[in-house]
Amino acid sequence: MNESNTHQFHTLGDQPVQGGYLTYVMAAFGQGLLLLIRRPRLLLVSGITLLPVLIPIMIAFFSRDQYASDGTDIFIQLATRLHISVFVPLLSLFFGSMLIAEEIESQTITYLLTRPSPRSAWVLGRFMAYALVATSLLWLSLTLTYVACTTLADLDFAPIHLKLLAWYAGIGILGILTYGTLSMYLGAGTKRPIVYGVLLFFGWEPMARVIPGIVDFLTVMKYLEALFPPAAPRLADMAVQSTLGEYTKLVYSVQATHALLVLAALFCFFMTMTVWVLRSKEFAGTRMAR
Amino acid sequence: MPVFDQHYKTYKGTPWRRFRWLIIMEHELRALTSFRIFKILVLLAGFNVLLRFLQILATDIIAQDPNHLLTPIIKQIHFMRVDVYLFKEFIQLQIPITFITILYAGSGMICNDIRYNLVDVYFSKPITWKDYVIGKVGSLFTIGMCFTFVPVFLLLTLHNFFLPGMENLIQSLEWLLQSALYCTAISLSLASVTLAASSLVNSPGFAAITIFMVTMADTAMAGIIAVLLRERNFLILAYGSVLTTIGELIFQTRHGQYNLHWGYSLAMVVLVCGTSLLIVSWKIRRVGNTS
Amino acid sequence: MSSPIIEAKNLSKWYGEVVALNNIDIAIPQGVTGLLGPNGAGKSTFIKLALGLFSPSRGYVHVHGAAPRNNRKVLQQIGYCPEVDQFHETMTGYEFVYWLNRQWGMRKKDAIETAESACERVGMKDRMHDLITTYSKGMRQRIKLAQALAPAPLLLFLDEPMAGLDPRGREEIFGLIRQLGDEGLSVIVSSHILHEVEQVTDQVVLIYNGIVLAQGRVSEIRDVLDTHPRTIRIAGPNLRTLAQEIVGNVDVLGLELGDGHVDIRTRTPNETFEQLNQWLAKPGHTGYTLQCTDDDLQSVFDYLVRR
C-alpha cells in the first residue's frame, strides 16, 4: 500500500462534515442519474419512445385518403393512445421498477444501506433521477411528434396548438410520477416487480376499464384520463364486446381537481410505502432472480 | 515453467449419450416448478381450463338428452357449443398467461448463466452448445405447450369420454392437430424471443421488461398506424395480430385481422423464431467459446 | 476495562427454519478482532446484524451502546467492506467511492478529496479512473476497502477481505489492517482461514454452527482448554536418546518420534516447558529448538469443534 499520501487522509475521529437532508437527496440523485444514463439499454428505450415520430411522417408520405385526419387530430390520437396510455406505464415500469430492484438484485444495496443517509432522502433522490430521465424521453418524443405533425394540415406553432403540447406534457409528468412511485414500490417490496407491474398496468388496468360499474376508479389511468383535453378520445370503450353480446358501459367521470388530488395522494402513499419497505425489510441476503 | 489455463475446459471427449439436451430441460423444469409464483401462475392458467371443462361437461351431458328442458337453450347460446371456436378461443385466452409465465421462467435463463459463469461449467460437461440451446428452448416450449396444448388434449379426451362416437373422434383429432400447430407457433415464438432477450440483456428483470416493452410498443404502434392510415394490413407489424391471424387460418374460422396472404403471417413467425434462435446460438457460442 | 464496542446478548437470528445464530453473547473490545469460523458458521450474519442490515430474531446487538438498525448515528461511525464482489459496474473505481462518500453525507469537495486519498491509501491511485469492469479481483477488493475507509470510520467491518487476493495483496491488506489497528481504529475481520486472522490479531471470536465457541486472546482460549493435551515439538540431534531421557524426567502424556523432531504431549505445558528448558540448558544439550505446535488458531479451532 502507498504509505506516502499526497492527500491528507482523515484520521480517527476526524470525520468529514455531513451535509443536510438536501445533500443526501442530491447524492442519491446524482448517483442514480449516472447509473441510468450510462446503461446501453437507455438507447433501446429511447429508440422505442421515439417511434411515434415516424407515424405523422408515414401519414404524410403514404396516406392517399382524402378524408385523412388533420395534424391536430393525429397528434391528439398519438399523444393519448401511445404516449400517455402506453409509454408512460412502460417507461415507469422499465426505469421505476428496477430503480431499487436492480440494487437488490446485484447486492449493491448493502453499500447504500450501510451509509448514514435518511432512507427517504435516498428514495427521493433516486426517484428524481428516474423522473428526470423518463420525463425527458417522454417530452422529447411528444415534442418531436408534435413537430412531425405540423407537416400535416391544421397544426402549427401557434400558442393555441402549443398549449395542447404543454397539456399532454403535464399529464405525462403526472403519469410518470404516479406510475413511477407504484413501480418503485413494486421493485422494493416484491421479488418480481416486472411480473406484478405487467399484470397491474397492462392486465388489471385495461380490464378494469371495461368492467361495469366503478371498478375503473381503482386504476391510475382513470385519473390521468380525467385531465385529458376535451378533444382527446376516451380510452375506455363505451360499447364493450363480450361473449354475452355487446353492452354499453356507463362511465362515471372524475373532476380534474379530484383527479389531481388522487394522483398526489397515490404518489405520497407509494413513496411512503417504499421508504417504509426500505427501513423494515432485510435486503442483505442473496436474491438471485430467475 | 508450464502456465496452466485456470478456466473451465470445454469437454473434448465424445458425448456418451443421445438427447443430452433433455438433462438441461429437466434441470430447468425442476428448478422452475419449485418456485411458488410459478405454481400461482399455473393455478391462474387452470381457471380457464376449469371453465371450459364445466362448459364441455354441461353441453355434452345435456346434448345427450334431446328432451331436456335446457337443450333448446343450450343450442341457442353459441358460446356454449363445443366446436372449433371453443378450442381456438381457449388457446387465445391462454396466450397472456403463457406469455407472462414464459417471461418469468425464461428471462433469467441465459443471462443468469452468463452472469454466474455457468455456461463454461455446462460446456465442461459432455454438453454442446446445441444441447444447451435445444434444452433451454425445449424447457420454455414445454411450459408453453403445457399451458396451451395439454389442456386442449385433456378437454378433447374428456369430450370424447362424455360424448363417444366415431364422428366425434374424427372431428376431435382434426381439432387436436390444428391446436398442436397453433400452440407450437405460440410457444416456440414466445420461448425463442424470451431467450434471445435473456442472452442480450444482463439482468432478468430488464430482459423481461425489454420483451414486454417491445411487444407493447409494437402492438400499439401497428394499431395506430392501421387506424390513421385506414389500412388494416399494417397490423401485420403487431406480432400479437400475426398470432391471432395464424390461429384464424389454422382453425379456418374467419378472416384474420388483416387481409394479407397467409404466407406473410407464416413468414413473420419464421422470421421472429429464426432471428431469435440465431441470436441465442451466436451469444452462447461466443460466451462458451465453442464451435 | 473500557466498555465493549459491540455487545450482543442472547442474540439469535433465523431464516425460516434455518438457525444462523443461536442465542449468542459477545462483547467485542476495541482493537482488531478476528471473527472466525467455517463457511456457514454465522459470521456474516453477525456482521449484518451489527451493521443493522438485519433485525435480530431474538436478543439484541448494540454497537457503541446503541442498536444499529436504521440508526444514522451508529452508521456514521461504521465502515463496511462486504463479502460479495458486486459493484456499480458502469462506474470507475473513483466514481464508486466518490458517490458512496456523497451518500455518506459528504459535500462535493470533501467527497472528492476523501475518495482520492482512500483510493491512494489502498494502492489504487494509478487505476482509480478506470472502469471497475477492467479491474482484477484484487483491485476490486481494494476499491471495496477504499469505500469503507473513506469516511474515516471508528469501526470497520471487513467480511472476508482477503478473498481472491494474491499473496502480495494479502500481505498488503494485512499490513493495512495492522496499521489501522495501531491508529486506534476498531476492526472486525471475518475469515474462515485461521492463518489469515493470526496475521493481524490474536483477539478472536470463534463461531461455529451459529454459536460462539470461544472468545478472547488465542493464548487465553488455549489456556481454557486445559483438559486437552498440548503438543511441544523439539527438533535437533540424537532425538531417540533425548526421548528416553524426557520420558523419565518430564511430565508427559505421550511422545511421538518424527522425522527430525519429537512431539511431546502434556497437560501442564508451562511446567513442561520450564523443565525442558532446564534440561536443554545442561552442558552437551545443544542444537535443540522448542516449539509449541498447537498454539495456532487452527489447532484451537480443531480442539473446540471436537469438544
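Residue numbering begins at 1 within each chain, and the chains themselves are lettered A, B and C in the order written.
To be clear about the criterion, a residue touches a chain if its C-beta (ideal position, glycine included) is under 8 Å from a C-beta of that chain, and two chains touch if they have at least 3 such contacts.
Since we're looking at a predicted model, the values are computed, not measured.
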Contact graph of the chains (line, ring, star, complete, other): line
Practice task
State the chain with the largest centre-to-centre distance from chain B, centres being mean CA positions.
Solution key: C
Handout entry: Centre-of-Cα separation between chain B and chain A, whole angstrom
Key = 30
Practice task
Determine the centre-to-centre distance between chain B and chain C, using the mean Cα coordinates as centres, and give it in whole Å.
Solution key: 53
Handout entry: Length of the line joining the C-alpha centres of chain A and chain C, rounded to whole Å
Key = 48
Exercise for the section: Send over the residues of chain A in touch with two or more other chains. Expected result: 106
Practice task
Give the residues of chain B that touch two or more other chains, as numbers and ranges in rising order.
Solution key: none
Exercise for the section: Would you tell me which residues of chain A are touching chain C in their complex? Expected result: 1-2, 5-19, 23-24, 26-28, 30-31, 34-35, 38-39, 106-108, 110-119, 122, 279, 282-285
Handout entry: Residue numbers on chain C that touch chain A, as the complex places them
Key = 15, 48, 51-55, 70, 72-73, 75-76, 78, 80, 82, 84, 86-88, 90-91, 95, 99-107, 110-111, 113-114, 116-118, 120-123, 125, 147, 151-154, 172, 175-176, 183-185
Problem - Complex contacts: residues of chain A adjacent to chain B - result: 41, 44-45, 48, 51-52, 55, 58-59, 62-63, 65, 68-69, 74, 77-78, 81-82, 85-87, 90, 93-94, 97-98, 101-102, 105-106, 191-195, 197-199, 202-203, 243-244, 288-290
Handout entry: chain B to chain A touching residues, read off their complex
Key = 31-32, 35, 37, 79, 96, 100, 103-105, 107-109, 112, 116, 201, 203-206, 208-210, 212-214, 216-217, 220-221, 223-225, 227-230
